[in-house]
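The following pair of complexes shares a single chain, chain A, combined with chain B in the former and chain C in the latter.
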Partner chain A sequence: MGSAKIANGRRYPLRLSKIERQDALVGFLFITPFIILYLIFNFVPILQGFWISLHNWDVIGTNIKFVGLRNYEILFGKDKLFWSSLEHTLFFAVLAGPGLIITGLALALMLNQRARGIGIFRTVFYMPNILSVTVVGLVFARVFAPGERGFVNAILDSLGVSMGSWFLDEASAMPTIAITKVWWSVGFNMLIFLAGLQDIPQALYDAAKVDGGGRWALFRHVTLPGLRRPMLFVIVLQAIASVQVFPLIDVLTGGGPAGSTRPLVMYLFERSFDYWQLGYGSAIAFVLFVFLFSISIFQLWFFSRGEVD
Partner chain B sequence: MEAVPSIERLSMRQAQSQRQQTRRSFFIIAAMTLFAFVWLVPIVWTLSLSFRPEHSITANLTLLLPLPFTAENYDFVFSSSRIPRWFVNSLIVASLRTFLQLMICSLAAYSFARVKFPFRQYIFYFVLIGLMVPGQATFIPVYLLFSNLKLLNSFPALILPGLASPFAVFLLVQFFKGIPIELEEAARLDGASRIGVYFRIFLPLSTPVLTALAIFTFLGTWNEYLWPLVAATDPDIMTITIGLNNLTATTYQANYGQTMAAAWTAGLPIVIFFFIFQKRIISGIQISSGIK
Partner chain C sequence: MRKFATVITVLLFVMLLGAPNLAQDGMTLTVMRFFGDCVDTFGDVIDLSGTTSECGIITTLTNIWNAENPDVQVETIVADWPGTTQLNAAIAAGTPPDIAVLHGRRIPIYASRGALTPLSDVMEAVGIDASDFTEGAADYGIYQGEFYGVPFDLAATIWHINLDLWAEAGLVDDMGAPMLPTSPEDFVAAAEQVYGATGKPIAEMAGQAGTVRPLTAFIFQLGGALSDDAGNPTVNTPEALEALNYILELQSSGAITRPYNEINNAIAVENFANGESAGLIDGTWRINGFDRQIAEGDVALENYYVADFPQLFEFPGTFAGSHNWLVPLGQNADPARVQAAAEFIKWLSDNSVVWARVGHGMTRSSVINSEEFQNLPHRLEYASMSSNVRSVPREVWGNAFWAIVHEEVEAAILGIKTPEVALADAQARLDDFILFQS
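Coming up: the complex of A and B.
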């Protein structure tokens, strides 16, 4: 406003006018509360966590010794529990991911039509999403309870099918967790896909129909390409959420039976807050951070690339 | 005369395809109804369990109706547990965090979007890095911080860590940038201060996005599991999500009616909240995902 301008319209930056000085002050003042909290609770803890991971930091504040990268050596070198928890995490991602995406897309395709009362279905499928993990855990512990006290088992039994042990059997525990996860959060994906579907111009469909495209051709050449962005969004979000999986497994199986469903974050928590090995826990946390940071960078790169073409 | 039959045939074909269309959407609706029913069964079943006496549950497990009806499970839960207390704790934590987060983040967002100050762009990028930092990676240092301050098991410990939300800032900056600059300039010419512009123009004009954010923060805090699990170990300060987990893991395990009464005491208010705000929640997801 009051600043000197040079011919090409850019501000002359050397001396600030009174208004600009005032703006600078106000600008800093307005971001101060946010920045202070952001530094204390988001940014500094990452650096601090890395620093702690370079130590043997057993039982809060008493036994602290600098050990360099030793925690990472143990972690990657000989910690079988770390590798198995990583495996369980990936297993969960592979089971739940496709289920969440395919079911979400199918629901969205069915709901993407103009019919009276269709909104009620949207509400029904989304609703489980707002329940807390504890409630979902308590409900599904009964739905899939072993023996005749479980809802699914009671139904199977009355149909003459043999009953399952669900969460109590190593073979079925993780798939049952994945089913619970799909029930709980597929509604979110459905909403994202629905929004994407509504953004595909009807003209594209009309044009493809004129060209004699059948139902499958329409889906394959108009719908799927049109859903590129929501699809990527959902996949990346799912990948991030899968790497972080822990509360749901904690309430359903507690990592059991025999540690066969223990995910990475649960292992991080056990090391840190059950065994109080904060140095070792921080090393796991830092690995997790690098992992998720990489996924996010990939996402950023992919989406900004999409913006250009 | 040639044209008439062809038009007739055309309209006939149109009617036929319309019929086909109607039949198809009838089948879809029927399939959806079945599917929706299956989806609701876990909720309906456990909700009715919570209103049934235990002996009747044992006799007929899969009944979906609350018969014979009794409220004694709820009576028991309210009189024998700290659930009412946890409920109030959750309300306090979720409301305060939502309100403070919106104030702090919208003020910062206004500054990033509209006030010119040195290094603005770089500081904004620095904030965006926070979008990629997962909570689990920061827990140990934050835990140590509160532990050193002797503030574990306190409301500040439950509220403060979630206040600086890079996502909220990011979303609000996008939104604020879309508010016409003329509105602001006019108000400034009339002598309004920056803070006045923020309160009287930016906040009122962004009600939809602020409401969406508020709902998500509230729900997210109410349902938060990880941080309260380590920060609130004293039963008096627990939120309902954690307290419930604790209670049912130890006390009510075997009793279906009581367990479910406890679960739905925690869950039902959220379900009701959802039905009140469902339009805003659903459009809020679509707004904040950037898809729509």
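Coming up: the complex of A and C.
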């Protein structure tokens, strides 16, 4: 077998046998269609997006002029709206992210029972996730509507607390959007955590109990470590989804009031499609891509430290 | 015999193949429009009587055209409002529709890029009389002296009035018409009179009806302009500052409108229909809806009057948008298709009085002077609207202007920025937009 590479304490041969080479070839043949489609529909558009970002480029494909890195210079140098949109996006991620993860985990823990009718509860908690963004937007526009029309304000009024419009106030608009997002999307995280919980062997809990572990100790030393991979999956997906937030905000506030909830993707859309500056919009998109890619790599590294096969 | 049968079979086969081609000798035009999709209700309807909604009217008009013109059939592609995303995608993909509808202020950027077909000559060829358009209305379809759009209507900002509440405040004359204010001071005084008598605001303003629309109207009324001599946008001007300060005064008075951060457009409309406000500043497109609700008796509003947007300063001037029919086939389009498209557009324009049932203003003098138009509800009440409207300058920044100024005025109303900073920021953003055009 010749020399061997050692990784994770195992020895991996560098030279493959004939049968192994044939197996590898078959494997490659199986994934070739995917690779081709991936290159055409993912990789090429990323390169094309970068190429467009080096131009002045109308959204309808006219008025094309090579400008080099000028779009990036403007973006980082003097575009206040880019930075404020990034700030709004991160604010949303900070507000919604923990809520989505903690609530999703809490619901999964509650629903990880063997009880009669538990399936109904699981379905009910997951159901908002299948609603379209328009439906969610219309429902929550009513829930948080000003005056007596709004469900929340009607309750607050009865308690003697007066609130205006949640979505038209600069201070309350983004937190209200985050609450809406948590209600809408938490079911997905719950489902992932639930699947993770059901993968943890009961024997680990039994052993911990024998060792005198209480409920908190079981959660901390068995459940949380057992959920490491689902947690990583949820956090990475949540970070990406939060940074890409757009349709929900578009429906609820349109980025207002006065642009105070405009996220980065909405800004990208405005520049590209409303102002026809597809080149500049592509520069924003490429920065967003690098940003998300970096966060994802960091998260993968952070959560896989010390992990062994 | 066998040979003969084979020849006959082949001939029949060839004839069958040719048959569809014979049927396809005519032409199919694609029309990309918004106004909604109501095929379920109006899919087969060819009777316009009683139809007052935008979607119902345009669908029925198209059905009638198709019934009367078997050689030039029209196929509709319904786009989401404001129609630009799908149109842009279609143009970029090289598959533009033959006809599209867009707001007039969006025309210059398309025309400047050669995406629209010039229409002046073909309009003349099919008999669309350009001189029949009112002066204000014609502007919406023109870019650099050439028609690129045929203005179909004027969708203006107007003042919806609850006459019963105005009467309660003693502001209705012997003829039953509201006593409309004619100066900034009059407006505030009338508002206080109505509020004192009824506890309700006189002119609820929400969303764009409280920001960019009144701002541009007041700038026009103060004699200001939205562009300089070079055609660049100017919003950081003394007139704009005076207009914005007056809007802030209106917003803070309490008697004019409920606070901006407590109402949105839908709620303002609901308030007016439910008799919770004495007036509403909003578009012509609301008129038939209020009339229908009154007729059905399901709202508190009973005596409904429509007035022009208040003229409070020296010059007449109000905001209006305009839906325009255009041909996005580019500069070198097939003349036969352009001709067919123009004929369909002419037909729509000739029947535009039906479209007026929605409440929109009309663009053609002959339609405005027709008996059918004059007999429509409320028409005499806001008759001067068609001559008071002003277009956003016919420049590529028209649409960007709208969005940017709305946002910055909103920031001033909500106290996020001072009026001076808001206007300076709006100007800076517009200047930045212009930089990308060079």
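Keep in mind that, in the parts below, the second predicted complex is superposed on the first by the 247 of 309 C-alpha atoms of A that agree within 3 Å, B and C clash if a C-alpha of one lies under 4 Å from a C-alpha of the other, contacts with A are read in each partner's own complex, and residues count from 1 in each chain.
Quick note on the criterion: a residue touches a chain if its C-beta (ideal position, glycine included) is under 8 Å from a C-beta of that chain, and two chains touch if they have at least 3 such contacts.
All of these numbers come straight from a predicted model, not from anything done at the bench.
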Remark   = Partner touching more residues of chain A, chain B vs chain C, is chain B
Request  = Name the contact category of A:A24: first (chain B only), second (chain C only), both, or neither.
outcome  = first
Message = Touch test for A:R149: chain B only (first), chain C only (second), both, or neither?
response = both
Ask   = Given the touch rule stated above, what does A:L138 touch, chain B (first), chain C (second), both, or neither?
value = first
Partner chain in contact with A:D58 - chain B first, chain C second, else both or neither = second
Ask   = Just chain B (first), just chain C (second), both, or neither: which does A:Q277 touch?
value = second
Request  = Figure out whether A:I35 sits in contact with chain B (first) or chain C (second), or with both, or with neither.
outcome  = first
Message = Let me test your reading of the model: by the given contact rule, A:W216 touches which partner, first (chain B), second (chain C), both or neither?
response = neither
Request  = For chain A, give the residues common to its interface with chain B and its interface with chain C.
outcome  = 60, 149, 273
Request  = Would you tell me which residues of chain A are touching chain C in their complex?
outcome  = 56, 58-63, 81, 145-147, 149, 164-165, 167-170, 256-260, 270, 273-277, 280
Query = Inside the complex, what are the residues of chain B that reach chain A?
reply = 25, 28-29, 31-32, 35-36, 39-43, 45-46, 49, 61-62, 104-105, 107-108, 110-112, 115-118, 120, 123, 126-127, 129-134, 136-145, 147, 160-161, 163-164, 166, 169, 194-195, 198, 219, 222-223, 225-226, 229-230, 240-242, 244-245, 248, 256, 259-260, 262-264, 266-267, 270-271, 273-275, 278, 281-282, 285-286, 289-292
Query = Contact residues on chain C for chain A in the complex?
reply = 84-85, 88, 91-92, 109-110, 113-115, 259-264, 267, 270, 399-400, 403, 407-408, 410-411, 414, 416-417, 429, 433, 436
Ask   = If you look only at chain A, which of its residues touch chain B in the complex?
value = 20, 23-28, 30-31, 33-35, 37-38, 40-46, 48-49, 52, 60, 107, 110-111, 113, 115, 118, 120-128, 130-135, 137-140, 142-143, 148-149, 151, 154-155, 158, 183, 188, 191-192, 194-196, 198-199, 229-230, 233, 240, 244, 246-247, 250-251, 265, 268-269, 272-273, 278, 281-282, 285-286, 288-289, 292-293, 296-297
